[in-house]
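Here you go, one structure.
In this document, chain identifiers A, B, C and D correspond to the written order of the chains, with residue numbering beginning at 1 in each.
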Amino acid sequence: MPRSTCHSVTVQFGDCDPAGIVFFPNFSRWMDAASLSFFMQCGIPPWRELVKTRGIVGTPLLEIHTRFVTAATYGQTLEIATHVEEWRAKVFVQLHRITRREADGRETLVCEGRETRAFVRRDPEDPDRLRAIPVPEDLRSLCQ
Amino acid sequence: MPRSTCHSVTVQFGDCDPAGIVFFPNFSRWMDAASLSFFMQCGIPPWRELVKTRGIVGTPLLEIHTRFVTAATYGQTLEIATHVEEWRAKVFVQLHRITRREADGRETLVCEGRETRAFVRRDPEDPDRLRAIPVPEDLRSLCQ
Amino acid sequence: MPRSTCHSVTVQFGDCDPAGIVFFPNFSRWMDAASLSFFMQCGIPPWRELVKTRGIVGTPLLEIHTRFVTAATYGQTLEIATHVEEWRAKVFVQLHRITRREADGRETLVCEGRETRAFVRRDPEDPDRLRAIPVPEDLRSLCQ
Amino acid sequence: MPRSTCHSVTVQFGDCDPAGIVFFPNFSRWMDAASLSFFMQCGIPPWRELVKTRGIVGTPLLEIHTRFVTAATYGQTLEIATHVEEWRAKVFVQLHRITRREADGRETLVCEGRETRAFVRRDPEDPDRLRAIPVPEDLRSLCQ
């Protein structure tokens, strides 16, 4: 079983659109927070430390794929369960399942997202460019 | 050829993260704006009118799939070309291509996203629930 | 002593700008969440209930005044202490103090904001317009 | 007469809250964009250039004060007129007036905000700290 972490979010009024439901880019925002929370719970230092010690700027996205199952609204608490589904040479796929606990105790799936990410450094010759690096073994082993 | 519309966005400082590049949920936000802009440019009234005349609350998402090709940063202008790639009975797929015009005149693909959406009404028996309806023929024909 | 509530926020990577510090509109977003959290902790139902039972849509802002003292960055947890500083006939002033607990145990003031708000209903003759109403006595007494 | 610039914003569906009106932190976001747009229209390079040539990271906020006059909703275009109201030794005050052109040609004031800002550099001894510097004369003269 791969390591899995949990990240909790309470939906705010301003997270919702005129239809009264979560404006969906907020789910992307929360999955990004869950992604970083996963790394921090696994013991990886924040990017602002890693950029100083190892030049790693973060794990930008190459691809996202999200399926929305049920709408959510403000006042509700969402749980995001995160694990790495697949490690490849230069990329990895993180899976986020966002669920809500109902009044009757059941757990409802709100949405599910896959993020393909890579660790990146700044290009030494053009610091405005970010370059994917092979997944660092030590960081990977912390996440398993 | 399906009808295609264009929506333009200038990236702001606050749209970028500590790595200096667009925080990716903003791409979802801009694709949503491009989706609505598509409908308005096709002559469909804003949702706040349609909800009064026909009960249509909007076109929430069932699924998104976005591939990120190049990073973007603030001060840059992005063009979003939008069309409907596929109409099914109850859903449709909108394709958004986000490009940037470079100083040398070339056009760079920044990212590309597919959104699966449905027209929804409130459930008459439980107004907190949204129900997908068959794609209205008249609205569809405006978009082709 | 007026009633005071606490609302906690963890700063996310995407909440920060290219300078690595919180993009300030997020402080406004968090103060809004703290404002609603205050009402809910005081026992006032969510706006989507109040709009059905009493027509109250929410408490939009008339004025905000925020003083920023120290920058904050991602990974930090902020505490927002909220109370109503002043009740007038048709408006009230909410004060939010955002602090951070340092590693050495000291509490640092990050920023402080005053929000002037009013309870509103939709205008019966033009439902697109929102109208301030006198502060409802029963809601006020819950907040004191 | 101080120099004044104009920045235009179209309100998006996702900028609005469940009451159907602009979620107010978006006004702060747009004023920040108008602030940067002011500097760029005055001929000041983007911060990512200035940080390389002169160490100037940007112009973070010390204080904001915004008065909301009329609600705005999606589909509307807002104009933000920006000028510097006051230059002091280490800070300056930018004024933003956000207006909307009505169907009958009248101009409505939506909100008005004052931002107190300072030019900052990173502290050479602690690069995580930002330090206000005296307003650079050459940058100031570009803005007048």
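Quick note on the criterion: a residue touches a chain if its C-beta (ideal position, glycine included) is under 8 Å from a C-beta of that chain, and two chains touch if they have at least 3 such contacts.
Please read all numbers here as calculations on a predicted model, not as lab measurements.
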| item | value |
| --- | --- |
| Interface composition of copies subunit B and subunit C: same or different, split at half | same |
| Superposing rotation of subunit C relative to subunit D, computed on C-alpha atoms, to nearest 5° | 180 |
| Cα-centroid distance, subunit C relative to subunit D, in whole angstrom | 23 |
| Centre-of-Cα separation between subunit D and subunit A, whole angstrom | 31 |
| Where subunit A and subunit C are represented by their mean Cα positions, the distance between them in whole Å | 27 |
| Of all residues in subunit B, the ones touching two or more other chains | 13-14, 17-20, 23, 25, 29, 32, 47-48, 58, 73-74, 128 |
| Chain contact graph, described as a line, ring, star, complete graph or other shape | complete |
| Complex contacts: residues of subunit A adjacent to subunit D | 13-14, 16-20, 23, 25, 48, 73-74, 128 |
| In the complex with subunit C, residue positions of subunit D that touch it | 17-21, 23-26, 28-29, 32, 47-48, 57-58, 60-68, 71, 73, 128, 130 |
| Complex interface listing, subunit C residues touching subunit A | 12-14, 20, 29, 32-33, 36, 40, 46-48, 58, 73-75 |
